[in-house]
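Heads up, the thing below is written out as structure tokens.
First chain written, first letter: the chains are A, B, C and D, and each begins at residue 1.
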């Protein structure tokens, strides 16, 4: 009688931890992968130390930001193919206007550039929302626009920034084992993403990515929220452009182009669903580190560089394949448990 | 309409989607303290009227008066603030958020919703579960609880009971009555005439997007409402519900078994066995979650059972994919049309989906033959194909019909229908009963689960009642009264079941 | 009771809109003609039979690779390995021409088939995300090609085989490019195939709702597998046509076609979420992109401005398209 | 530093290569020349290559990884003039010899060996404008907009142009150093009815000449690079009216760079900057024509650079270069 009246079809779940693991399996998986790759790296390179860690962080920083940017947009139900180009714009702006200035001015300029990134992202979002043109078309077209803008600002690689500014990513403040770049990444993510994730806006962001109609009926303002997700993407893209500035010390109008596609592989690897509404940004960021470590390992092991590309491609596919198998096995396990219970 | 008691009034509301006029002239007047039914055939524009009223879509023309003042809502949220809350036909909770997060999104406070969750029997629901992991009836109830938490003056329920078995529907009605007793109003949309008659005070009837009349439930008969809904010409064709079994061709149940199930186990399903003969319509009755879904999944080849055998025409079959089941002549009409339809494709493509390869010669589809078969199926179920270039633009009921029409066009040996009349208007229901009878008469077999117990006597030759994954009773159509079925479905008549077998 | 007729009282515009909604590629054709008009006005004397032939000549490889891309995107997938396949097919053909044209062409096409098959197996059977599968496959193909190119270089000069050159840049009757005929044949097969064959229907069906397909007895994995194989094959054909058109092959030949192959499809109105669209739109999309780049070659403006203009025009086109054809969501 | 292993008395060095553009004929030939030179030198034990398409930031990471891998000399094609200075300094501080080839860097620690790109453009442009009699319409077909080498060449081109007031640039295009855009652009230009008297290309040359051939238009004087296909055209199409000149831009600077780096490792004192002066071989003068004929090899790829050696640095055989033989 009691059983008959029960409404919810409850999938038997273990205690809270088990469910947490089940829900975040992919993200935990990518952390695990990172640890595994790291262990492998240290095993082939016994002298792995602060220098190598700094190399890793400096190398991964732009991709990490690009992945964070793409993750924000994709979680909100869109996609932004102009993130690389926006990174280039931020990069050349920084290089052009920071040249011959002191550290304070450089920081001020970077703040302005971050605002600019937000505006640029918002423009992408506004166009997509207003014209109702599919996001992929709008942002593909905008990648040409931002690419052109970058060339207008700086026709060829050049410019510069004060050394102190560059040390923001490459030096170390507390311990040689903790490069500034890592701190920077952690600070930016925890200042921007964490409050967002906890607040109602973050909820709206995920809701719109999951199902626009339902979100609208729940009282979410769909248009502004979508624009917001692009604005956030623009912000992180600007961070990425500045990170490029910090690692290279120059501006290049073509700097960011490779990060659009690699950013997308990072988010997929990092557990963001391209259909929207699912995933976070820590997964993609860790994935960015994995994607930076793998080529490094290929160099360290002295692998034939031509095969290196092949290995990377195969690895990418295998990881995602393994990730796809996990839920399948889980579903089987649940089914078995249902029968037992 | 100089009724002082009027809470909400609309005049001349209209809405078109491109060339499709979904709502032509919607007039609705709801008094404070009444339960008002909104009736009409599938595609009449009921849901559209609700959406327009609550700011879910913007109307092309018309006015909405609340307490005599003109209002216009930009979104369901602003309608909710003004005291209008709606539970829509298609569930509108965000699938990838947890229930609790959905509540937060609307700004519903836990203390406000707690009593309603209890009232609706949802206290067991885990609020930290993802919405997409919960079944549709639970979601509709959650949606309702949330609407109630806002204490709206007007509560709109668009076919929320369509997905629910009787016990759950009753909870919804209890709330509706309570709302009325507190001087607030409810607008109810349902295709179940008995529900409407039992519950509602008045009804507004829509036909082809236009309000064609308002009737007093106490003083008007079913025929009057049906003739308003269907128009004078069509109404004469329709006979009253009870007549179907009499006028339809007599069943010629043969002794050859079309389908035999032996000791099947899967999910909730515990060791189930029965035989379905050719020419027979076998009904299955159960409350929510008693294993009926698992049964249909296994029979349709969508899931591999853990134990047991399925025999088709005496031969044991193992289905690894629905393709195998279909090859053996077992076809499924699932409960959830979202599972069955290609939303962006045309009605024709949806109906022809299983048979495209069969209709091809040298790789090219024989479009003449295809059109003929599809057209026949469409006509047989009278599907409104005005918005047929994309199935998602059809009204809910017409979408449901497409899922059945598919198999009529394709052909089969045994039809597995899971709640085939869910959300279907009264005339079509009769058409479907009749079609089921006709199919049986022509030698097919039909197994159908229904959440509406009275349907058993209208369409089935025999009924099995399931409880906790087992068959607990087998009743002939004659004995399968609603009361008897309900008793058995609650697991109260094991003794009776023992007697029967 | 037959189904109710479509006839509704509505203005002429609504009727027109209804028509355009069902045939969105008409809007695109309008856009294309407009662009041609712009060229004709800004550079009188340019637009003529030769120009048309040349434009089609360069649109053909793009149009052919975008045909495969359309099929894949209709199944809600994407193929990012097409660029690598184009390059590989062209390079293999050129490096093998030494052993005879036929063998070279067959080997080149085999590259496309094999890569398509691997993509298909990954996506359809192992359920790898199409984007990742094809991205990874693209890396693998170009890596292997690099190794191959270093291995074969001593065997003889990479030389575009004669039949490929005839195919890519030859003309019939003096002005109809052979590649246009090939493209036309492929286009006909794809358009008719999508509309009139069971397989075509199933491509849409899989892209729209794989669960519904399964319940209707459709073996979706087979449809997906075949689609990726066809896409790989068409990419190889496109690579051959391209290498024939420019009479040369290098290790990055196809790279420039990757983004346009996706752009032509989306501009042509095919949804990236699958189940909706068609090749007619893509075909016009490929022509539009080619005419646009032609326009920009002829335009006298600084390059950055051209890029900005290019992006702006594409957004504008798409916006006009969405307005007239109605929202497709 | 260190990491040297002594085998059989002779020093064995580990060589690191950093390249940031894959699938590009020039770069592949450059890497092959490094390998061939490593083999020819007899003192290299291992080559570690960081070769992928990336940007300065990625190259910095690659070079750091090479440092970690314990190389003794790094030969790199720098993706930027100044971005790599810091990492070059890091390498030098660890005793690693860094040689940048093909393009220059601002670092003072690096050994640099590259072709003068400004001069490259000037040589070709000057020959072209002179051939046209200082008067006429020319097309400038550049490389990739926003890249230093392209900007340098454009500067050189413009400097020469300034000396010829009656030469008019009627069209400036970016070929992106790819065949497809170049082919399309030349077809568009030929179809537009624009009067063109000469063409300067930044290296995508034989494709442009092919455009003229298929369009059946009379050839105009054309400038290209030392690519085998173009060299062949200059020789074989001379009779059909093709005049033109090839300017050298040897990818074999890679091998030369390694040679320089190994010399430094072995304690020789070498200059920090070796500037290769490009040469121009036209098909009009007899000296030019004989250079063209000396270098032409009909068995090679159209875009294979025929500057097989960089004297006096490279010591490998042409066969080893073409075979791209590993150690």
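Quick note on the criterion: a contact is a pair of C-beta atoms (placed from the backbone, for glycine too) under 8 Å apart; a residue touches a chain by one contact, two chains touch by 3 or more.
Just so it is clear, the model here is predicted, and its values are computed rather than measured.
Set against the Cα centre of chain D, the chain with the most distant centre is B. The geometric centre of chain A is 43 Å away from that of chain B, both derived from CA atoms.
Chain A and chain D have Cα centroids separated by 36 Å.
Taking each chain's centre as the average of its CA atoms, chain B and chain D sit 72 Å apart. Taken residue by residue, chain D touches two or more other chains at 22, 145, whereas all remaining positions touch fewer.
Across the assembly, chain B contributes no residue in contact with two or more other chains. Counting partners per residue, chain C has 142, 146, 150, 271, 303-304 as the residues that reach two or more other chains. Annotation, chain-chain contacts: A-B, A-C, A-D, B-C, C-D (touch as defined at the top). Chain C makes touch with chain B in their complex at residues 1-6, 8, 10, 14-15, 17-18, 21-22, 192, 196-199, 201-202, 204-205, 208-209, 211-219, 271, 275-276, 326. Within the complex, the chain C residues that touch chain D are 43, 45-46, 48, 50-51, 54, 57-58, 87, 142, 145-146, 149-150, 153-154, 156-158, 169, 242, 245-253, 255-257, 290, 293-294, 297-298, 300, 303-304.
Chain C meets chain A in the complex at residues 80, 122, 126-129, 131-133, 135-140, 142-144, 146-147, 150, 259, 262-263, 266-267, 271-273, 303-312, 314-315, 318-319, 321-322, 327, 329. Across the complex, chain B meets chain A through its residues 56, 75-77, 80, 88, 91-97, 101-102, 104-107, 121-122, 124-126, 128-130, 133-135, 137-138, 141, 167-168, 265-268, 287-290, 306, 467-468, 489-491. By the touch criterion given at the top, residues 22, 46, 48-58, 60-62, 64-69, 80-86, 144-148, 150-151 of chain D touch chain A in their complex.
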